[in-house]
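Look for subunit A in each of the two complexes below; its partner is subunit B in the first and subunit C in the second.
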Partner chain A sequence: MLSRVLRTLVISTYALMILAPVVIAIDRLWAVTGVAPWQAFGLLGDLAVADGVLLFTCLVSVTASLLTLALGLPLAIVLAKYEWKNIALIRAILVLPFVCPAIVAAMGFLVLFDAGGPLNYVGIDLYQQSGIIGTISATLGFANIGHFIALSLALCWFNLSLVIRFIEPTLANMNPDWEDQLKLLPQGKSLWQRIRHLYAPILAPGIIASAGLTFVFSFTSFALVRWLAPSADTLETLMADYGGSAGIYGYRIMSSEIVLASSMVQIVILGSALWLVSHMQSLHQSRIAIVAESFRRKQQGKAKLGHRAILVCGVVFTVLPLLLTIISSFKMRVVENGQISTEWTTQGWSIAWRGDLSYAGAGEALGYSLVYAALTLVISMPLGWMMAATIHSLEKEGKLVRAKIVDFISFAPLIVSAVMAGLGILLGIIMWFPELFAWFLLPVWAHIMMVTPFVVRVMLPALRSMDERYIEQAKILRLNQFQRFRLITLPSLKGPVIVASALCLAFSLGEFGATWVLARTGDWTTLSVLVDDLMSRPNYFPGVRPAAMASATILMSLTLALFFISEKFRDSKDTGGF
Partner chain B sequence: MRKILIVCSIVLAGTLSGCLNPSGGDDIIFDPTAPDRCESFTPAIRSSNDTLRILTYDIYTLSDAVVSEFTNQSGYQVEFIRTDDAGGILDQMMLTKDAPQVDLMIGLDNSYVGIALKNCLLQSHQANTSSIDASFEQGNFAGEDSLVPFDHGYVCINYDNQYVDGENVSIPTSLENFTEEVWKGKVAFPSAVTSSPGRAFMLATTDYFEGDSEWDWWAAMKANEAIFTSGWTEAYSVHYSGGYGQGYPGYIGDAHATVSYCHSPGVEAYFGSNWTTSVALDLPRASFHQIEYTGIVNGAANVDAANAFIEYLISEEVNRNMPTNNYMYGVLQGADLPETDGYRFHSLVPDEPANLNLAELDIEALVSQWLDSTS
Partner chain C sequence: MTLKISGINKSFDGKRILAGVSLVVADGEIVALIGASGSGKSTLLRIICGLESADDGEVMLAGENIGEIPCEKRNIGMIFQSPILYPHMNVARNLHLGIGEKMSREEKDELVEQILNDVDLAEFQLRNVDELSGGEAQRVALARTLLTKPRALLMDEPFSALDTELRISLAEKTKKLLSQLDIPIIHVTHDVDEAQRIADRVVSLSEINNL
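This part shows the complex of A and B:
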């Protein structure tokens, strides 16, 4: 059992790392605006630039959650119920978007929705809103509905894996005899009755948890909104726009008001959502335990054509934006006598690698990305593991309320805006450690904040499912704590540790929001920031865009390689949700 | 577990009671209107490792090669801190004003430097600036010994002459024309709050309408469904039909006029083999002469290195390349745009740009008014 001192230290360190920047930022914003945090909620309605932003953020997050369920549930069902060759590979492909850097996804979707892109061929024009999209826009009076659909689809793509990860293992482990038996009873005659009495009680916690997490990730999405819905703002992009001038006495007070109000609203909404998710995840774990005790995976034969079609559509939807990103890195726009065409070239790759159009070449940016990822791993992995162990210890001791509180604290970074965290870190550094202002390792702090919750999410179910009898037997054999850890705990958790490590590296490599905010304090460029830099500069010179796509491809390849390695070690019983 | 709660409570209570208060703890609120403010303002000088630290935005002329050459020539190492734009530079300087973390800023333009000067963010330089064209010795901030211009350009409305065909749609002869039905939903403006060109054009309109009806015009533009974007990139590359955005993913092309530089059509032609449909609109006092400055930060640790970099920035080898590397005019005597591929031919130098006393204007108040009019 984790010693109480260590437990105290771990939670205090974690809480301080997460809470300190937020407290510092709130302190400054309160001082600058003269508005107390609890009074700030009302400000959002008074600020003209924030008009409709909260509504849009909620609308797009709810739409993305429902769309993700609509597409993810059929995929999870066919994957769970039927026999598939190479199921591990299929599952890995379907889960792949979740670890894909958001900035890469944004690039892929931009190409997918482009005038010459695949969707355009079937008459769907989301950006210029001609054809059916234009008709829908005019009918509903929704000015940029194409952008809204584009963003919702991309967010759905990003979070699809959450539904699959939560639902597929539960369904796969469910005994089909249960349904057959229920059919014989009056309460199970119709499909609706069977859903109500059998499937809903078992699957509902997982469905709500995955929808809740999709809502949270959609609510805080930054890169996708920035690039796919340029005419709209969410709370996160609004804060990014105005965050730079926030927290300064006597200067642009409105910026401070926007950031304070937006962040307080965000903390309350996401805090509530994550509290619900945390509760539902616990319920989900208990349902899984009931199901798994009675049965182990037994598919209902081979899939029919309709089932195959569902799976093929899912795989194509998953892979297409990534493939298009790679293809775009070899295409360059050519203008001749006013005619725009494209030519195939590797020029984008040479430009990106040499850094001809940026302050750092892709190689240098890759170096920074790898250093940050490695350091994030070294700190986040033990920190997250110990947080998970603490929660597990409290649960075993029957201190369920305290376990829930610590579990909720472990989620805390997900409810804090990157802008708030960045501002808090910046102010704290200036106040106490000004010499660290341009320290190149500063972004690691932000990476740790963003990545550690995922380590906790992977390690906690693994710890819960570990057979404690081995530990007890080892104690009888008089193995000391270190020997028990080396000989029993570590081998038992090898799979989850590798999965969590790979996720740590992948998420750190793709981290964009917080790095983007903190990159303003130093001379460093990660691959995700490089892609954004290239995309943001004037694209008069046609080599800029393929160079951005080439950088995105490097980032994507690295992340996906890590992910596929981690998938090899994933336990088939894994139901952690990530 | 109780210990955990106690530790967390102490930390939070400490910060909440000692730190979280509306007076802002120990921070001294600076009064930018006090006459002797700069004499009494002494920011903490950072401990330096002899590396010149420069705060700038994405100025494309400062490539790795250019900076390496400076290091070879002078022996000074250089480190950059980059923001999004000129506004970001000012934000960063204001935020760190009591403990500046940079030596030199590059990129504040004349719509922002007034605030920097009022807040004593800059100090005098000793760089040799004799190569700069004499025209910069007149006008706003001409006598300021803490500012050195390094590039400039004019901000005005650009329109797509494929749309403005002279028959169904005629060339606008006044800003009021843009409030007509034919331009409904077809003009894109970058925000005056978050974009430098947007702010510059907003200032020009105050002169164009002589401080009388500019906010009515902006409100009329809003009513005419003008498109407002947070930055220049969205307005120009996503919405504007006459710019390079065409042919790139994400392009919408629903605006046939936007705010950009009067030489943007020249840049389009330069990279488009002397072809562009974009034209800069020359309306009296509806354009803004934007001058970008460099200056040594008040509290800089490496003043000599900063002076050396200023001289390097306005040297022949760097400044002559401004039009092709940074898409702006250089400031040296005789500087002009290249004639290659119609760069100069398609660029406009307005006959009568807005004439504003930028040192006296309360630009932030104007920005607020702009926001009220367009929301």
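This part shows the complex of A and C:
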């Protein structure tokens, strides 16, 4: 149990490191624009550049959430109900997109949708929006519907794991006797009745929580919007575009107004969504009845052809963009006698590694990425763990309202989004200490802001499920606090600690939004910024794309390796969502 | 080293569980504390060993008021209803926890070997704890508690999860082991036969709890 002093210290440190930059930034924007934050909401409607941005952001986030449920639920159900060989591997493949860096996903989907890509080959042109997509666009009067579909699909791909992680273990662990008993009762004769009386009440909180999180992550998506829907802006891309000139007295006040209004709207919408998610997660935890997972699977027997087809489609959908990224890194455009063809080559890798087309080579960017990730781990892991321990400690003392508030504070960085985190540091700190702008470790701060909430989310359920009697017994055996931590707590939480550490490293390696805001003009390019930098170069040089894809492949390999390490240590009944 | 508790009060969420509970247990004496489920027997033990704090009252050991001393510094042994063995450690490593860290590895191993002999588990040193039966696990927990050389011992229905035959045989073995200790011992049970078999004196909680 953490002492009151330690708890206060933990919450203060978290608030100072994670929330203070954003609060200071908003205060500065207030001073520059003369508009109070609570009055800033109306600004969004008055600014011509922001016209329709909020509507598009909400529309694409809701569509992505519904699409993710539509594709994720059948996958979660077949995975939970039937026996599968190598289930751990299948589950790992299906949930892998969540740790995949957004910029890598953007590259994968770009290849999938672009000219010469598989979808284009079968006549679906989402990028140029010709053919059937163009017809749909004209019929509905929805300009750039191809980009909208592409973005929604990519967001769905990214968040599919949330639905699977929430629903599959719950369903697999549900006591089969419940359904059998219901079949014998008048109110449970039909499947619909059983869904209404049994499955819906148990699964609804998990479904709503996963849809809510999908909405949040879609709302704050940056790399995917930047590359897959170049015709449109979301609040996140709008803030990124105008953030560079915001917060300066007497200079382009509109930029400050855009950032202030966007951030306030984002905070309110995402705050409400995450409050709902937090509430639903608590309900979800309370609805799970634990029975042996294998018991349920044996009851249902082997999967039929239709079930296999669903799973195969899910696996192909998950793996395809990643495979295409790797393949594209070895393909280069060749123009000979006015004819365009492609050749297989490793030149893209050489170009990327040497940095022929960018300010930094992939090796150098990899070095910065690893340093940032390591430092992020060193700070985020203990901070997140202590924050989780604080929440758990308050819960154990019965101070549930306080625990809920601290839990919500731990979610805060997700409310402000990656770009806002970067801007928070840029505007909030650097405006006061400009010399920090040249400090190469600056992006680490933003990484800590973005990564620590995930550490809290992994460690909190682990702490809640740890057998309290182990610690009581250790006290009786006269082990002091340090011995109890070293000999009992740490080994008991080995799995979650490894999962949280691996996620911490993976998310930091793949972090794009905040790093793009802070590091794109500096000399410390990370791999994710390098990919974006390469793809932003004029495409007339054929090495641009393979070099970007090669850099993306390096980044993907690192994060996926970390992901598979974390999966090895994950409890199969983990329903935490991450 | 007499254990003396006096005037212990404890409430949870406004509901009084213990009211003015007093009890004296002399050195070398085994007191069986019997009572119905939910009557507060375990709560009383948790207060004595420091896992819970009393709302009122005193816990004295050898004339010293230990009520304010943290659990880990009281040196009171406790055996729970289900044995708490750490699954990430084998039997020997679990037993090492009862010895402390200052001793050399050889000395620790010697003590472990000796105590395992005493509880008839001589060959179990390297076993994983999940390979132990309920009775074996409870004996390892007892051995570990004895290694701590406690100033008092509390046993919270340690045999209740075992079948009758095993419960009787283990109670007799335990009685033999405990009779060599010159410390106050409280054995909580709801089984009157077991209480009479193991204890020097049987006390009903309802008689000392002034609810």
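Note that the second predicted complex is superposed on the first by the 548 of 578 C-alpha atoms of A that agree within 3 Å, B and C clash if a C-alpha of one lies under 4 Å from a C-alpha of the other, contacts with A are read in each partner's own complex, and residues count from 1 in each chain.
We take it that a contact is a pair of C-beta atoms (placed from the backbone, for glycine too) under 8 Å apart; a residue touches a chain by one contact, two chains touch by 3 or more.
All figures in this text were calculated on a predicted structure; none of them were measured in a lab.
Trainee: Looking at A:163, would you say it contacts subunit B, subunit C, both, or neither? Reply first, second, both or neither.
Mentor: It touches nothing on subunit B or subunit C.
Trainee: Determine, under the contact definition given at the top, whether A:26 touches first (subunit B), second (subunit C), both, or neither.
Mentor: Touch status of A:26: first partner only.
Trainee: Applying the document's definition of touch, where does A:359 land relative to subunit B and subunit C: first, second, both, or neither?
Mentor: first
Trainee: Does subunit C touch more residues of subunit A than subunit B does, or is it the other way round?
Mentor: Touching more of subunit A: B.
Trainee: Considering only the touch criterion stated at the top, classify A:213 as touching first (subunit B), second (subunit C), both, or neither.
Mentor: A:213 contacts neither subunit B nor subunit C.
Trainee: Where on subunit A do the contacts with subunit B and the contacts with subunit C coincide?
Mentor: On subunit A, no residue contacts both subunit B in one structure and subunit C in the other.
Trainee: Please name which positions on subunit B make contact with subunit A in the complex.
Mentor: Subunit B reaches subunit A through residues 1, 3-4, 7-8, 11-12, 15-16, 19-25, 27, 29-30, 32, 44, 46-47, 53, 58, 60, 62-64, 79-84, 87-88, 90-92, 94-96, 99, 101, 115, 193-194, 227, 229-230, 233-234, 236-238, 244-254, 267-268, 270-273, 275, 277, 327, 364, 368, 371-372, 375.
Trainee: If we count contacts the way the header does, which residues on subunit A are in touch with subunit C in the complex?
Mentor: Touch list, subunit A to subunit C: 467, 469-470, 472-480, 483, 487-488, 491-492, 494.
Trainee: Across the complex, what residues on subunit A touch subunit B?
Mentor: Residues 4, 7-8, 11-12, 15-16, 19-20, 23-24, 26-28, 30-32, 34, 36, 48-49, 51, 110-111, 113-115, 117, 127-128, 227-228, 230-231, 233, 241-242, 244-245, 247-252, 254, 328, 333, 335-338, 340, 342, 355-357, 359-360, 394, 399, 402, 406, 426-427, 430, 434-435, 437-438, 519-523, 533, 536-542, 545 of subunit A touch subunit B in their complex.
Trainee: Could you please specify the touching residues of subunit C with respect to subunit A in the complex?
Mentor: Contacts found on subunit C: 49-51, 70-73, 75-78, 80, 84, 86, 88-89, 97-98, 100-101, 144-145, 148.
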